[in-house]
Amino acid sequence: MKLSKESVLGLIALATFLLLAVIAPGFLSSNNINSMMFQLPEFGLIALAMMVVIVTGGIDLSITYIAALSGVGAALMLTNGYGILPAIIVAILFALACGAFNGFVVSKIGVSPILVTLGTMVLFEGIILAITKGSSISGFSEGYSLIGNGYYLGLVPLSIVIFAVFAIITAILLSKTSWGRSVYMYGSNETATLFSGVKNSRVLMKVYLYASLLAAISAIIMTSRYNSVKVDLGSSYLLQSVAAAVLGGTNIHGGYGKVIGTVYAVMIFQFIRNGLNLLGFHSSLVDVVIGAILILVLAMNFFSDKFKKIAETKNAGKAA
Amino acid sequence: MKALLKQKEISILAIILLIGAVLSFVSPVFLTIGNFLDIIEGNVVIGILAIGMTLIIITSDIDVSVAALTTAVAVSIGYLFTFLPDSWISVLLLFLIAPVIGLVMGLINGLLVSIIEIPAIVVTLGTLNIIAGLVLYITNGNYVNSTNFPQSFMAFANYELLGLPILIYLLAVVAIGTWFILKHTLIGRSVLAIGGNTQSSVRVGIDYKKVKLFVFAYMGFLAGIAAIAQTAYTKAVDPNGMLGLELTVIAAVVLGGANIHGGRGSIHGTLLGVLLLAIMQNGMILARIDTYWQNVVTGAIIVIAVSYDHLSYKRSQDKLAKIEVEA
Amino acid sequence: MSEYILQMKDVSKTFPGVKALDNVQLEVKKGEVHALIGENGAGKSTLIKILAGIHKPDPGAKFYFEGEEAKINKPIDATLKGVSIIYQDLSLFPNLSVAENIYIGQDSNKKPWKKINWKSIKKTADKALEELEVDIDPNTTVERLSIAQQQLVEIARALAFEAKLIVMDEPTSALSSSEVEKLYKVVDKLSSRGISIIFISHKLKELFRVSDRFTVLRDGKYVGSYQAEEIDEAKLINLMVGREVSYEKNEKQVETGEVIFQVKDFYKQGNFKDISFSLKKGEVLGITGLVGSGRTELAQAIFGVNKPDSGSLKIYGKEIRIRSSADAVKKGVAYIPEARQTQGLVLEQSIINNISLPILNRMRNKLKLLDRKSEVQLAEQYIKSLDVRPALPNLPASKLSGGNQQKVVIGKWLSAQPKILIIDEPTNGIDIGAKTEIHKLLRRLANDGIGVIMISSELPEILAVSDRVLVMRHGRISGELGIQEATQEKIMNYALNSGSKKNPSEALDDTSRISQGV
Amino acid sequence: MKKLTMILFAALLLVGILAGCVAENSGSSDSGGDAEAGGESEGESVQAGGEDGLDIAVVPKLVGIPYFNASESGAIEAGEDLEVNVNYTGPTQADASAQVKVIEDLISKNVDVIAVAPNDPASVEPVLKKAKEQGIHVMDWDTPADKELVDLSVKQVDDEEFGRHMAKKLVEAMGTEEGEIAILTGGLSAANLNLWIEAAQKEFDENYPGIEIVSEKIPTEEKQQVAYQKTLDLLKSYPDLKGVLAVSTPAPLGAAQAVQEEGLQDEVSVVGSALPTDSAPFLEDGSLDTAVLWDPGKLGYLTVALGKMLAEGEMPEDGQEIEGVGEITVKEDGKTVIMGPPADFTKENAADFDF
């Protein structure tokens, strides 16, 4: 039986989990499992957002600043005495505005995404700085802090439930809707989709809007969890989210990528980060390990593809 | 095509002149030679790295590990200072060792991209993590300041020739050297060729894997030189000092007209891109713009520049009439 | 010394899943023009790529150059042996100058740090261009040239290489008649100098004009080599396909009805002008003309991807506006582009996903989610009715042959139930069996009431399928012919010289440009 | 294929949840008593100090910068002297969320004391609450966290005093109470830097009305090179500039470097917070007039010492003498500890320090 890329990755995740359970003291404690579940969603959502963009063959370098700006939106509402719901709505609106801007320049003007988002990354960062003067906005209500710190039914962290829901929604949107299909088709061959009557620009616009929506959800969880927001909220997730999407099997040139793969990759990152911390590794070594895994897994893919091709050629030779 | 390249560079030159005009109106210091020397000297490192990045982007790849590479070499230089005797020979030796260290790291990137065929952005993302992590782990972030530097190196760093700092000459040598390679050597033409059409290059017998290996190795080589420049400029080795610089470098290159899809890009265009970013940085303080608004302006200019460039490219493509329609 | 410049013996090549070449032989004499022919998929390109050093043959193959055995592992090995190959899709660098494009590759075996000698590059380029007697500025970049000019640059490159053996893969497909004539002269000149040429073409007439000998491949196997004198066109066709063929005439089977589609005063600067025509129910309208006469641009303008400057459309008498391809689909206009692999299909994706692509919105269930079952049903329906083989709906489109790929593209558009179907070069690169099938299919669609507009360069195809023929020339409609009055000569006359009289035999020569095909 | 994926995923989740449940039972049964008793810690620690002593976790804003490296060595030294396990760990970037994760992992490790120098006081609030619920003693050091939450707050100096002190030093160095000055800061969002700058501004406003601050505080990304370039630009655009106040440790060095190269040692005064060894070359020729700071090693030492007291149920008293540190001040609230007054490093005394 041949395993799909994603299943292999799932096995790697499982192996990492088991290995760390054995060697890292306290890895399996309820406390630790819980804190991993609290830590994973914010990064997971950003990684999913990045994956959706990468499936179209693009990249969104501004995604973490969209999240931060959206967090600023929520924080402004909360500190000005508005309720949780208006705050969430404003957070989402802020993010969608950013996404719409990216989407407009990418889909209507046609500039390549890496250039656009390189610019908007600086732009959004600037807007946050202009609003916050660089300082953090903090002190939100108890209720709001439950989003990132509370438990669902007193059992599972609410944030991981939110993440699971959005992961499933993303999976359904990508595999079960006409938009999702168009995203994959566009990522493989945008000329062919244009000649098939697909509204490329609308598909792309929705991609950037959806990515920014996920960023907003992540921002809401982060602001709630950290009870504050400032310009660098989540900025360390930027390149990591690209790494997670790619490790999860997403083709950096577009056309392929699955939610489940990205979720496995995010889990692997989480296990390693947490496990190595528990083992008392210097934090900078965590980056080294993650970088090494990224390259190793892709090198593995390369060699397994190569062997597969050799095997196929041999078979064909025999058949003839 | 020639006209097009020119047009690309003219548009960025126009933006530079426009900003320059506004700045010289706002601030009398802007148009002084001293200010310009400061701007250039302060951007020698970015300039050198951007030149290397230009070659990589021409082959339609990207390298996000440059800042980490440069830092790693700079840290090695700081370490070497404890060994090398205080003599001008040491400085020369440094120019031998540092680029080689960079070259080796660049080769690793190149091998992974060309032989193992992992997309460049992924490879360099991986090596960025690995190198930056190791540097931080080994140095624990401690920086070495000028008291530990050999006097000969300080003399080199402060040397001025005909009133120009030595680093400006270094940038000039790198720029002219790379321009020469790109314009007048076989490997340089091959870089442009594989960027223009990889399939064609295979057919005419260009070994594109070797060329890819070359551009990444050359990037590493230049990172080595940039590390010397960085050390000479800051007169300190700071393992955290170049964090995030890679995106500035890439922004400079694409502002300078290099096409992220490959095939286009020039050294003088890239230098203009570096200059534009540098003037914006410099000008913000000179123009007394509120520090909080600096990024808004910079970001907006990048977005406008890349959009404008793309639109004018599209327009010029449309103008190439396909068919002579009879009157 | 051997009389052969090149001998390739016992060449086999296995790709994952297929045996592309099976013990093929090719022998080319010095100074001869050697035609390599066979249907698409017969293995011509693979053989050439092996000669070029791009593919490695299976073990056992032997190559001899001028009688001496040699190995070709890399492209440069072939170049050093004096082999120069001009591919159909060209091997140019759009971002480099003409001169450099001509020169490039000559130094490939030199040290990478070798300094480029721009003077000798200019000189080489000037000389080669002069020899070709073409007027191209060696300093312009190639992307500013027309396709025809680019082809000439490619030929100039081969000249500059002073190759002993030049392979030309469909070299005339984009050249005008006068350019083709020039090319023949160059070919004659080269062979008189002792340079050998392998000429690959579908156009048998053209081949008889220039070739000394023929080698025929069929299904990856070697059929034989023949002197030009001992063989004729009919025999060659027979050898290529293993049977006698000609296009069946697809007569109109229903009465033409009302006008269902009207194009009025279409104009786009630099593309076309004064385009007006109409289409009746049950009719197949053929549009032909030279490459570059504006046919494809017109079709894409109707389809909404190449917006016209002015003009109007009517479907069933109702005026419509098409702003985008999506709009076109909604309003019942379908367009099947010529570039099947890059524009028609998403190759990596399955047959199902390709077929349902234009009508994803109709594939949704009550929850607005895609209904896989109806997608599969749809795909299976068209796989069956169009006889796509292999009939595996989940197979990626890239794994299908050209003919089957075209069927998938047609299936994709039939699923959208268009009122008007525009099909651009429907049988380009498809073998003869599949061609006739597609011709029948187009007729069947017309019978079912779909308005079919077929764009083709292949006159026999136009004559076999259309009920009416529009001829375009320089962006205008230069003539309209009913099928009864249409002949190849008349069509050519309109295509070349609008309205004016021309010696029919001369016009016939120009059919090299509009293929007479096989 | 799909099924397998689903099964794998389910298994993975299940393992996680089961493990969580199992561990929860065992964890909750002994965690309470464990922490109260302050005894037994889970084995395998790579930290300094005795085998079975207390586990004290010290979390800096980030690891890998000289300042926090210096406090690390002080903390480790204290661990050896006082026979406690010191776990000095933090994020690699001064990122609030990364810091929270480090603390969460420390809670998982079940340490006895967590002392944190928060990047963002508000953002560590929830996680410190969680730590307290687990029976872990919580304190802050270097930068204050939420007062309500912490059991003890260790401060190198009084922020207000420190800011005003720097302002005074600058005026002193300028030798005039009138003129233009500029303020450089490490980052716009660093809380303690902002406190110092505010205090300094207050000092200027109240006591030196002739001083004019020419621009908003200018961020330098915690990089010497950036501070250097910005200062060069400042010197050009404000030719009458008399002084630069540079807070954050790399900023004064960059500012001084610019002054040094322009040869403006006598025209422009630079005062800022920097370590004496780093400042030495600039103090030497007067490009940096005074560096104001404290001994970060001592601060680390004090943090661990107080952490141990806290875990053992003692509270520090005002004027108490802490071995290896000196006399401390405790404020009225009973839990804010001030290590001592700021130290001035000048040309004369810089060579006497080894940090």
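As written, the chain order gives the labels A, B, C and D, with residue 1 at the start of each chain.
Convention: a contact is a pair of C-beta atoms (placed from the backbone, for glycine too) under 8 Å apart; a residue touches a chain by one contact, two chains touch by 3 or more.
If you want to know which protein each chain is, UniProt gives these names: C = Rhamnose transport system ATP-binding protein.
Please read these numbers as outputs of a predicted model, since none were measured by experiment.
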Contact-richer chain pair [B-D vs A-B]: A-B
Inter-centroid spacing, chain D versus chain B (mean Cα positions, whole Å): 35
Chain centre separation (chain A, chain B; CA means) in Å: 29
Between chain A and chain C, centroid-to-centroid distance (C-alpha), Å: 44
Per-residue multi-chain contacts in chain B, two or more chains: 133, 136, 292
Where chain D touches two or more other chains, by residue: 63-64, 92-93, 188, 219
Which pairs of chains touch, using the document's own definition: A-B, A-C, A-D, B-C, B-D
Residues of chain A that touch chain C when the two form their complex: 172, 175-178, 180-182, 184-185, 188-189, 191-199, 255-256, 309, 312-313, 316-317, 319-320
Residues of chain B defined as touching chain C within the complex: 1-2, 183-190, 192-193, 195-197, 199-207, 210, 214, 263-264, 320-326
Footprint of chain A on chain B - complex, ascending: 62, 64, 112, 116-119, 121-123, 125-130, 132-137, 247, 250-251, 254, 260-261, 292-300, 302-303, 305-307, 310-311, 314
Contact set on chain A toward chain D in their complex: 3-4, 6-7, 10-11, 13-14, 17-18, 21, 25-35, 38-39, 42, 129, 132-136, 138-139, 145, 148-149, 222, 225-228, 230-236, 260, 263-264, 267, 273-274, 277-278, 280, 282-284, 287
Sites on chain A touched by chain B in the complex: 59, 61, 105, 109-112, 114-116, 118-127, 129-130, 133-134, 239, 242-243, 246, 252-253, 282, 284-288, 290-292, 294-295, 298-299, 302
